[in-house]
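Next come two complexes, and both contain chain A; in the first it sits with chain B, in the second with chain C.
And then the complex of A and B:
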């Protein structure tokens, strides 16, 4: 594997008495998207602000391209898209881009070329005069990405860029991001959306101040000895108590006319179908592919049950 | 009329007819019809700026329509807004309560705003705290609650006056999976108690939990039906699912194939959205050959039916093009 561009080593941070991060280490390679997932308040934003040099860790070390933020030029060479985008709502699209070009010290001619390129890439040519505050959520997100890309960064830090953004804009955003990844940029991507985490190359789960699990989405989605089945039918809700009591069933999550069941690996579709016949003959069973959202939901539910 | 209403023979409790709203020259909501039956979970979907929130604000009596009629539980919203509002609860996109007040104080304040008599207020607050698992947190400042619990507090506040109608505008945005699951279980319980629920969301898995959906674009409803109805629509863009260890490696060269419109990676598999007119089976065969040639492991490559996100993205693209 190529030498990582982004490196956090044993980073700790506290707000007053509240310990937010405790010895967090992670590395992101060129052309890699590292998804940082965790509940609201887990410390994702704090970690990102440390990673871009906005906050100084109490302990540990951050390097990007082998340099620390003690080097004042480094901050200008990383791209950061904060939550809420950090755009200037009263400035136009063009003016926002010019502002970021100025911030990175681009010459007038280089600015013109770069802005033209970024506008084309994000499909925003027709909106240069529109005030940023008047853009749709999806457009604002694209503008924020364009501003972040102004410095031609090798490392990017994105803090929940698609929260509250519709599926169409989200897909468009990921297409753009895939292009950025293909250029070899290292991307640290914080998100609460687990289907997005599945688009990342590697995922780290931030919980209780540390990266609790780390791996590819496939590795993290798999649960040893358990798999998931979906049971559906018009009266599935009435069957919930019976489903919860079936042998081999660990957890049941009702969703509309479907319930998803975590079951032991010896409970296959046939066993389950037979068991269901005694409950409601209209219930249909299908396998669910392992996915991150369901796996993390299971983990959170088991932890909550253990706490009582 | 809604399926649920037909089944139960009940008339809708939310009826919006020919609803219209303009802001200057901009038409935000363009003559839409919405009905929701008691006990029905109705999902309003669409891109940002499609008109969902404007619609909800009109249905809640917070924004007067430029045209059309709204009837909530038999009360005309335009003529009797106070009476109509007494029948609805509304949870907005943003936390609407007082961060410095405790959970209980927020609910007391809200009960006062609804004009509940003290005994009734105590009873309802007790119910809300217990029912939404907030009892343990009653003394905590609202600000200090995790987001999932703040959303529950919002919901508790919206339910104090026992509304027959509930409007939820992106109630689970940014909330963790367990809190989302629990929030939806509450939604179902309320629906089972006969409350009509209109909810907006950007999560497509949540859309599939609704009884009925309407997709809005540019102020209009461009598709409506149960999740199954919408999934049954034929799509012009075939879909292919590719499984196996070599998936991630495949996506690098697949991005260069002109037939592949979009690659959507998942844990252990890819979904490929193909150009209209592409033969998915033939493309799958070519894909497998190429993977073998490159020594990348692909276990399966087969055409699959669309999911709701595929359907919505396609419908929105078609509507934008027309």
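And then the complex of A and C:
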């Protein structure tokens, strides 16, 4: 892995007596999108605000581009998209972009070139005169991203940028983000949406104040010692109690005419098929590939069940 | 200080102003409205006050007396009352503000130098009653002098700076202070709170913008508009209300700029501390408009206030500006001739600038 651009080491933070983050460490390399996944209130926004120098951690260290926020100019070299719309709704697309270009010290000619480029990349050329407040949710987020990119940053911090955005616009936003990643920008992307986490290069699961699991989406979706099998058939519901009692089956998640089974690694499709013959001959078995979203949800269900 | 940053902030603020018709109307129409409202509504003198007359003397002397009252621009006499009861009823109905009773022996006693007339007053509005009384005394005093009945010790007075004793001349310069206090503080109190409320500040924190550039860029457009308001208000004072500008225009503009900055900084500080527009506007109104109206000496003389309140007025910037504004308009003085008044205003400017600057550092922008 290349030398990380964003590095958080043992970061802890508390709001008064409430400990929000405890010893969080993570690193984001150039050209990498790191998905910070967690439920609402898990501390994602707090961690991002610490990562952009807007909050000072109680303990730990944050470095971006090898520098700490003790250097006040660092904040101007990173881009941050906060939760919610941080731009000016009564200013047009062009005016918002010009304003941020001026704040980043771009000359008049450089501003024109940069705005033209960003408008082309975001597909907003036709909306330059439209007030930001009149844009659709997806367009607003694209504009916010364009403004954040005005400084040509090497590190970006995005806090749930696609919340409330329709699926089509969300896909367009991700295409845009992929282009930014290709330029070698390190991106820390906070989201509660597991569907989005699967698009990230690496994912950290923020839970109870710390990164509980970390890895690529494929790594995270694979649960050690288990794999998944799908059992389908017209009477699968009636067979559920029997399925739960089969040797090697740990958990059963029914969905329509299919039941997903978490089985131990020594249980293969053939063994399962033979065991099913005694229950219902019409049941079919196939191996399924893990899905991050499903895995996480099932793990949460498992933990909840364990807690009673 | 990066001028490009300041210009960007100022231009953005200007766009906000132009696109918010309510703010723009407030900035441009409110000064004129306040000026005309206060300029015409607040009168500390009377004109054509209706006075009922009951002439029981029916003499040449009583007719002369009535003619004197009639000739005064302050009174309009109403006749046709037959008894004191009718006079009291007229007062009760509010038809007249006062009633003049000339007794049957008025002419005879006048010759003896012991004449008495009675003035009945509607005391519900004590201030107006006092004004009617004073004007009536003035008429009687003048008549007594002309008929050779002046007292042994006579006061010969002469009024300087406002020879015709028109309250308008004193009030209008005070209204300018009120206008600038309201516009300056109210508008700036909203501007920073809006950035905080809408979350724009979060984005600005990841730019090279410093808190100083932010503050100056934010306040600059309001300063320009405030000075335009000053020009409009001064023009109206001179050409509409006939208030003479005897002092230096440069001095007036200079000290007005200082006062405007003071109230704007007050507004900015309130804005930063409040953090939301509703609270900021309410605090600004209570902190600037009310003291400027009640405690500046604009309408009510500070010397007549309770001692504690008199000390409180030293915290009100408008107190000093009203005093300077009147001195420049009517006495022809310049701000540098009144250091006891200009000094505190400059001190307030320095203190508020330091406080606001310090507080703005906590906005999280670059130092």
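Throughout what follows, the second predicted complex is superposed on the first by the 244 of 308 C-alpha atoms of A that agree within 3 Å, B and C clash if a C-alpha of one lies under 4 Å from a C-alpha of the other, contacts with A are read in each partner's own complex, and residues count from 1 in each chain.
Everything below uses one rule, namely that contacts are C-beta pairs under 8 Å (C-beta built on N, C-alpha and C of every residue); 3 or more make two chains touch, one makes a residue touch a chain.
Bear in mind that the values here come from a model prediction, so they are computed numbers and not experimental data.
With chain A as the common reference, chain B sits beside chain C without any clash.
Touch criterion not met for A:16: it reaches neither chain B nor chain C.
Once the two complexes are overlaid on the shared chain, A:225 sits clear of chain B and of chain C alike. In the superposition on chain A, contact is made by A:178 with chain B only, not with chain C.
In the superposition on chain A, A:78 makes contact with chain C only, not with chain B.
Contact comparison for chain A: of chain B and chain C, B touches the greater number of residues.
In the superposition on chain A, A:278 contacts neither chain B nor chain C.
Fitting both structures onto chain A leaves chain B and chain C with a minimum C-alpha separation of 17 Å. Looking at the complex, you find that chain C touches chain A at residues 2, 4-5, 7-8, 11-12, 15-16, 19-20, 198-200, 202-209, 364, 366-367.
Chain A contributes residues 52-54, 72-73, 75-76, 78-80, 82, 84-91, 95, 98-100, 102-105, 144, 147-148, 151 to its touches with chain C in the complex. Taken in their complex, chain A has these residues touching chain B: 39-41, 136-138, 160, 163-171, 175, 178, 182, 192, 194-195, 198-199, 201, 216-218, 220-221, 237, 253-256, 258, 289-293, 296-297, 300-301, 304.
Across the interface of their complex, chain A is touched by residues 41, 46-50, 93, 146-148, 170, 173-179, 181, 184-185, 188, 192, 202, 204-205, 208-211, 227, 248, 252, 255, 262-269, 309, 312-313, 316-317 of chain B.
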